[in-house]
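Shared chain: chain A. Partners: chain B in the first complex, chain C in the second.
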Partner chain A sequence: MANQQLNSRNPRVDLEYRRRKSAEEMRYQVVSFSLMIFLTLVAFAAVAIKGFTAWFTAPFIVLLAFVQVIFQLYYFMHMSHKGHEAPSLFLYFGLFFALVMALAFMTIIWW
Partner chain B sequence: MSTLTQKKGFGATIWDFLTTVDHKKIAILYLLAGGFFFIVGGIEAVLIRMQLAVPNNDFVSAGTFNEIITMHGTTMIFLAAMPILLGFMNAVMPLQIGARDVAFPFVNALGFWLFFFGGVFLNLSWFLGGAPDAGWTSYASLAIHSKGHGVDFYVLGLQISGLGTLIGGINFLVTIINMRAPGMTYMRMPLFSWTTFVASALILFAFPPLTVGLTLMMFDRMFGSNFFVVANGGNTVIWEHLFWIFGHPEVYILILPAFGIFSEIFSTFSRKRLFGYSSMVFATVLIGFLGFMVWAHHMFTTGLGPVANAIFAVATMAIAVPTGIKIFNWLFTMWGGSVKFTTPMYWAFAFIPSFVMGGVTGVMLGTAPADYQYHDSYFVVAHFHYVIVGGVVFGIFAATHYWWPKMFGTMLNETLGKITFWLFFVGFHLTFFIQHFLGLWGMPRRVFTFLPGQGYETSNMISSIGALFMSLGVIVLLINVVMTSVKNVKVGNDPWEDGRTLEWTIPSPPPFYNFKQLPLVRGLDPLWLEKTAGKKGMTPAEPLGDIHMPNSSFIPFMISFGLFFAAFGVLYNGEKSWAVPVIIIGLLITFGSMLVRSVKDDHGFHIHKEELMDENDKGVKA
Partner chain C sequence: MHAEEKLTYETWPAEPERSTLEAKNKFLGFWLFLGGETVLFASLFATYLALKDKVPSPEHALAKDLYDLPLTFVATMLLLTSSLTSVYAMYHMKNFNTQKMMLWLGVTVALGLGFLGLEIYEFSHYVHEFGHTFTSSAFGSAFYTLVGFHGAHVTFGLAWILALILRNYKRGLDLYNAPKFYVASLYWHFIDVVWVFIFTVVYLMGMVG
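What follows is the complex of A and B.
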C-alpha cells in the first residue's frame, strides 16, 4: 500500500479499493517470482542437459536473463506503476547508449 | 534578532564555507575554485604563446612544453569551464525553478569538495616531479610510456574530480524532476534550467566511460595490467574510444549551459519572450542526444574504415541543424525587440558570429576525407578554441556580469565590463583567427617550436599578441570584481529591471531559504507575466509556514580529503614504503566519514513561521 499516496488523513478512505489493489499487486509479485524461479531452472537445465551446443545455450541464457531483468524492474521495483516515467526514460536511454557503444566496440575496433 | 544575521569573524566565515550545504554558497565555492583554475590555465596558455611567439624559441624546453599544453587543456576543461558552469547552475537553477535548495544538499557539497581535491591533486604534479605530458586526451600509446608520475596524477586527479562532477549532475537531475515550484511545468522552465537538465543527463551518461577508461589506465600504469599495452595483446585504440565516448558529450556539457545563459540574456535584454521557446527545448535535447552518436569523428584518421567514417561524418553534420535552429531563434529574439546593450548583451551579441565560425569549421572537420588534411594541425586548434572560447568562455563572462548582482548583491561596473569585453573579444579573434591559416599552411599542433623561414613567424607573433589582449581583459575583470566588492553598493531584487524569471523575484543575494513562500507559476517567464499584469511580484502558492532546512556538515570535506590522501599512496605504490599505510589511512578516513554520516541521525532544523514574518505579513500592526 505504500505505493498509493493518500490525499486524506483518514486511513479508511478507499480502504476496500486499496485492499483489492494490494491483493492484485501481491498476486503479480508471486506469479512473476515463480516465473523467475522457473526461468532460472530452465537456464540451469539448458546447460545441464547434454546435446545442446554452446551456440544455442549462450544466446538462450542471455535471452532468459533479459526477461528476468524486465520482471525485476517492472514487478519487483514497481516500474509498472505511475510516476516512474523519468526513471524509465533514463534507463532506456542509458541502455541505448551502452548498446551503441558495445556495437561500436564489436565492429570498428581492429585488433 | 535572529542569530543568522549576525556579523561573522573571518575564521567563522571560513568554517561556514567549509561546512556549508547551501547551494548558493557552494556556487560561490565553485566560482572561486573554478576561477582560480581558470587563472592557472590562462597562465599556462600565456606560456604557450610566449614559447611560440618567435621561431626556434627556447623559453621552455620541449618536455616542459608538453606538460604545459597537457595541463592547459585538462585544467581549462575539467577544472575551470565545467566547475564555473556548475557554479552558475548551483546559483541560479534552484532559484529559476522555484526550489529552496537542490534535492541533496549534502551530496552537493560532497560534489564540490571531490572536484576541488581532485583538481588540487592534479596540479600538485607541478611540484612533485612533473606534470602529465600526454595531452589532455592522454592517448594510451603516449601515456603508457610517459616517464615519471605525470600521467598517474592525471588519472587519479581526474578520477576524484570526475566523481564529484557525476554526483553533481545526478543531483541537478533529481532537483529538476522533483522540486519545481507549483505551476512550473517542464515547458515553462527557463532555458538555462533546461540546458542544466540536459547537460546533467549528459554528465550522467558520459562520465562512466571516462571512469572506466581511467580505471583501465590506472591498472596499466600502476598495477601492471595490459589493457592498452600492444606488446602484450592490448589495444590502445580502446582508450581512444572510451575517451571520446566521454569527450564528445563533454564538450556539449560545456556548451549547452552556455546556450542557456545566452538564451536568458537575449530575451531579457531584447525585452521579448524567447523566440521559438519550444523549438529551443527540442534543439537542446536533440543536441544532447546526437552528442553521443558522433564521438568517432575525433578518430577519422585512426583507420575505422570508410563505412564507419561516413556514418560518423553524417551524424556530425546533423548536429548543425539543431544548432542552426538555436542561432536563428536568438536572432529572431532580438529582431524587433527593444534591445538594451548591457555588458552581458555585448558578450551574447559577439557570441553569435564567433560561435558560428567555430561551427562552420566544425562541419569542415566533420567531412571525413577533408579531415585527413586538417588533422593534427593548427586548424583544429583554431576550431575548438572558437567553439569553446567563443561559446563557453563568452558565456561564462556573460553569466558573471548577468548574475553577479543576484549572487553577491552588487552590480559589476558596466564601463569596466565593456572594456573587458573589447579587450577579450579583440584578443580572442587576434589569437585564433590566424591559427586557421597556420593550420592550412601546415603548422602541426602540439609541437614546441617551429623553424624560421617557413612563413609562420608573423602569424605566430600576431597570435601571441592576441593572448596579451585576452590576459588584459581578464585582469580588468578582476579589478572590476575587487572595486565592486570594496564599494559594496547593494542592489534590489531586479537590478537589470527587465528580469523575467523567478530568480529576480527575491532579494539579491537571496536569503538562505530562497523563497519565503513558494511562488505560483502561471506561465513561461513568470515574473514578466506578473509585471505585464501590473503586479510587483509573484502570487504565493502556499501560506507562510515553517521551512525545513538541512544542517551544515564537515563530512563532505572529510570524505573527499580521504580520497585525496589515499591517492598519494596509490601513486607511490611499490616505490615508497609508506604507500600502503597511506592508502589504508586515506580510505579509512573516507569510509569512516561515510559511516558517521550513515549512523548519525541528522534531521536538519526548521525556520519557524514567526521568524519569517515581517511587518507586511502580519497584516495588523502589533
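What follows is the complex of A and C.
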C-alpha cells in the first residue's frame, strides 16, 4: 500500500507505476467511503426503527462508529501507509486517555 | 530536495508531504497535535455523557425532545462527503495537478459551509423553540460546549483551507506548500472523525434514550 519512491533507474517506468498505484489507492478510498456511508445508514436506521431496545441499539451504533473511524483513519488519513508509527503512537495514546476519561466521568459523576 | 525547488510532473516526489525536513517535522508535529485534540474532545464527550439530561426542572427540554433525525442525517452526509472530496484533492496533489486539487478543495469548502449553516440553524432552533441555551441547564452547557467546539473546528478548518487556496492560487504546487495542503486535509478528516462520534453519542444515543 505504501506509496514509496522507487528506483528502477528509469523515471518513466517509476512514474507510470506510481500513477497506477495512486489510481488504485483512490479506488480503495471510494470503496471505504461507500462502506462509511453504509455504516452511517445502518446506524440511523437502527435508531429510526423503533423495534430495538436501547440495550441493543446503543452499543451497536457505538461499534459502528468505531469501525467507521478506523476506515477514516487508515484510508482517508493514510495511516495504513509506511512511516505512520509515531502518528499511531500519538493517536492511540490520545484514544487511551479518551476512553479512561469517558469511563471515569460516567462512573464517578452522578446526581 | 528543498522547499523552493521548481519541480515538474516528472520530478514531483511520491510523498510531497514528507519530502523536506520542514515537511517531516510538520507532519509529525501535526499528528502530535491531533493526539492532543483527541484528549480535548474526549474530556468534552465525557462531560456531556455525565451531564446529559441533567436539567433543573421538568419543563426543560431533554435530549429526546430536541434532536431531529433528518437534520442530523443531512449534516452527517455533507461532512462525510466533504471528507471524500478532500481525499480527491490530495490525490490530485500527489499527481501534481494544482487546478484539480484547488477545485476539489473548493467543493470541500462548499460542503463544509453547508454543514455549518445547518448547525447554526439547529442551534437557533433550540434556543428559540425550546429555550435550550448555554446557561439554561448543565445539559445545555455540556451540549453547546461539545457540539460548539466541533463547529468552531469546522469554522477554523474552512478558514484555513480557504486561506491556502487564495494564498497559493497563482503559485502552483511546490514542496513548500504541498505539506500545508496535506496537513489541512488531515485536520479536515479529523473533524469528520469527531463528528462520527458526535452523531453517534450525542444525537443517535440521545434519541435512543
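The rule is simple: the second predicted complex is superposed on the first by the 87 of 111 C-alpha atoms of A that agree within 3 Å, B and C clash if a C-alpha of one lies under 4 Å from a C-alpha of the other, contacts with A are read in each partner's own complex, and residues count from 1 in each chain.
Everything that follows uses one rule, which is that contacts are C-beta pairs under 8 Å (C-beta built on N, C-alpha and C of every residue); 3 or more make two chains touch, one makes a residue touch a chain.
Given the structure is predicted, the values throughout are model-derived calculations rather than measurements.
In the superposition on chain A, A:Met36 contacts chain C only, with no contact to chain B.
In the superposition on chain A, contact is made by A:Phe90 with both chain B and chain C.
Once chain A of one complex is fitted onto chain A of the other, the partner contacts of A:Leu73 are limited to chain C, with no touch recorded for chain B. Of the two partners chain B and chain C, more chain A residues are in touch with C.
When the shared chain is aligned, chain C comes close enough to touch A:Val47, but chain B does not. By the touch criterion defined above, A:Ala58 reaches chain C but does not reach chain B. Shared contact residues of chain A with chain B and chain C: 86, 90, 93-94, 97, 101, 104-105, 109, 111. Contact residues of chain B toward chain A in the complex are 173, 177, 201, 204-205, 209, 235, 237-238, 241, 245, 292-293, 296, 303-305, 308. Contacts from chain A toward chain B in the complex involve residues 86, 90, 93-94, 97, 100-101, 104-105, 107-111. Listed in rising order, the residues of chain C touching chain A in the complex are 9-10, 13-15, 18, 28, 31-32, 34-39, 41-43, 45-47, 49-51, 54, 69, 73, 76-77, 80, 83-84, 87-88, 91, 94-95, 186, 189-190, 192-193, 196-197, 199-201, 204-205, 207-209. Within the complex formed with chain C, the residues of chain A that make contact are 3-6, 11, 15, 18-19, 22, 25-26, 29-30, 33, 36-37, 40, 43-44, 46-48, 54, 57-58, 61-62, 64-65, 68-69, 72-73, 76-77, 83, 86-87, 90-91, 93-95, 97-99, 101-102, 104-106, 109, 111.
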